[in-house]
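Presented sequentially are two complexes of chain A, the first with chain B as partner and the second with chain C.
So, the complex of A and B:
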């Protein structure tokens, strides 16, 4: 569970970096807190991200796109895939593999997680256009 | 026949009002060794039969089928074995009482101080199990053992547990091992995952003098580090690098750098992966890695490779627990002043270019410890007095 001083620090970074109407912390006083964020890609498409905070910042937070995404061959992105940087889906939502566990530290901000997922969304759309897998564009992190 | 009696139990029986009691004889079958106890052992062994303890020789006649008899009369103790209707008296030896059990360590360790110390061991794998037993051998009197896992086949090569322990909770198996060395130790068992039971973890940490952090992943160490900081307790972290080519030990002392400062200052190490299931659970092996590739990622060192790291953790724990008390280990207080220790084990990977031992002189070599002072990190996510300095991704391309 996030400590209050950490929560304040995360809020301050998000306030400084993003418009206040694109993110909202939810259920923060429960055992299943999460952050909902909107992300608009360079092509103008809007996605909703759900960042689960129950183990944050000690562990990498799970990030889901709030719907099932499909690859260029119309297959659902619902399983772990090295080439597409995805993990197991949950409740019909695609899960993004956004951070390597060996690289994770408890200093990583939610803003950075958001930016990495934003990058994934850009590469996902590049994949839809080119047919090349996402790891053609994005390196793997340890 | 070799017979053992417990001094502590006999002392208790001597002052008890009861004239006699029916106890237990634990006999190692075919080995001619028997241990006689007034109470049943938590973890029995060998063939079990009855043993009559009595303050009067007459009382034993009523229990015909009891083979072993112990008479206590004004400080005089006799052990009898029924043979062919008669009683044959045999010699015996005593399991010393609490204060004398580790008298051999006197002068080196301040046993009475350690008897009153409470150590939590978080993670009872190949590190935690060895450390628990070593600390019990040193006379530490109270343990909180924390691990949700069970003893599995892949553990056995490096673990203190045996094949007979397969399937048991590690907390139960290590309790037995600790009590086997120090039957007077007080044990509290917590078969739980600390990452999912923070309140319980905080309760445990708040009650102990020192925490041994022997988990195998950073998320659990961050959780522990936060609890250590919150309750201002000493913590000793240890780990091995890939294939135990080396390892390191970090000591958290209240007011000094925390584990998170250490990670921030020296970076994240490539740790050995000892168990596929747990590595997958922690995300160390990503979900998309095939079973075959994952199998190749599990590369463990030998038990002998990690023992130096466990030993260092034990010594650091004993020094911290004995601080301020005159004992033979006090001199180490002048030596073990660092909060970070690096162990170089083999000339592989990060140690490849280190010098071979013969003729290395002052150059870095393997089979040595290197100490360093890690400073508190400004804006640390756990122990910073000021604002937390978050990683906001300035390094992202």
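So, the complex of A and C:
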């Protein structure tokens, strides 16, 4: 569970870096807190990201797109895929694989998680255009 | 036009991920878009995020 000081620090970072109308912390006084963030790609498509905060920052937060995404062959992105940088879906929502355990520390901010997921969305749309897997654009962690 | 923008930034992302570029990846919070900028030059409208993504994806 995120401590109050950390929550305030995360809020301050987001306030400094992003418009206040694109994110909202939800259910923060419960055991299942999460952060909802809007992400608009360069192509103009808008996605909603749900960042689960129940284990943050001690563990990597799960990040879901609030719908099922499909690859260029119309297959759902609902399973772990190294080439597409995805994990198991939940409740019909695609899960983005952003940080791995080797690069995660409890000092990683939610803003950095957002930037990586926003980049994943951009490369997802590049994949739809080119047919190349997402890991053609986004390298694997060492 | 929008697809051109996607393809252009995809090339920038691939190049910055591989380190074979003199271009930085910039996130512009006002537009929500990724942009490119010459490496090392302060980009007034956004923040350089190249390093944030260099640790790769799982």
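Keep this in mind: the second predicted complex is superposed on the first by the 141 of 142 C-alpha atoms of A that agree within 3 Å, B and C clash if a C-alpha of one lies under 4 Å from a C-alpha of the other, contacts with A are read in each partner's own complex, and residues count from 1 in each chain.
In this section, a residue touches a chain if its C-beta (ideal position, glycine included) is under 8 Å from a C-beta of that chain, and two chains touch if they have at least 3 such contacts.
Remember, predicted model here, so these are calculated numbers, not experimental data.
Enquirer: On the A-aligned overlay, A:138 touches which partner chain: chain B = first, chain C = second, or both, or neither?
Expert: It touches chain C, and chain B stays clear.
Enquirer: For A:81, select first, second, both or neither according to whether it touches chain B, chain C, the two together, or no partner.
Expert: first
Enquirer: Now for A:44: first (chain B), second (chain C), both, or neither, which partner does it touch?
Expert: second
Enquirer: Which holds for A:32: it touches chain B only (first), chain C only (second), both, or neither?
Expert: Neither partner.
Enquirer: After lining up the shared chain so the two structures overlap, which partner does A:103 touch, if you call chain B first and chain C second: first, second, both or neither?
Expert: After superposition on chain A, A:103 lies in contact with both partners, chain B and chain C.
Enquirer: I'd like to know which partner A:17 touches here: chain B for first, chain C for second, both or neither.
Expert: Both partners, chain B and chain C.
Enquirer: Looking at A:116, would you say it contacts chain B, chain C, both, or neither? Reply first, second, both or neither.
Expert: It touches chain B and chain C both.
Enquirer: Pick one for A:57: touches chain B only (first), chain C only (second), both, or neither.
Expert: first
Enquirer: Across the two complexes, find the residues of chain A that touch chain B and also touch chain C.
Expert: In chain A, residues 17, 97, 100-101, 103, 112, 115-116, 119, 142 are touched by chain B and also by chain C.
Enquirer: Name, in rising order, each residue of chain B that touches chain A in their complex.
Expert: Going through chain B, the ones touching chain A are 195, 198, 217-220, 222-223, 226, 260, 263-264, 268, 270-271, 282-284, 286-289, 379-382, 387-393, 396.
Enquirer: Flag every residue of chain A that touches chain B in the complex, lowest number first.
Expert: Residues 1, 3, 5-6, 9-10, 13, 17, 55, 57-60, 79-82, 86-88, 97, 100-109, 111-112, 115-116, 119, 142.
Enquirer: Note which residues of chain C are touching chain A in the complex, please.
Expert: It comes out as residues 2-3, 5-7, 9-10, 13-14, 17-18, 27, 29-30, 32-34, 47, 49, 52-53, 55-58.
Enquirer: Name, in rising order, each residue of chain A that touches chain C in their complex.
Expert: Residues 17-19, 22, 39-44, 85, 97-101, 103, 112, 115-116, 118-120, 122-123, 125-126, 129-130, 135-142.
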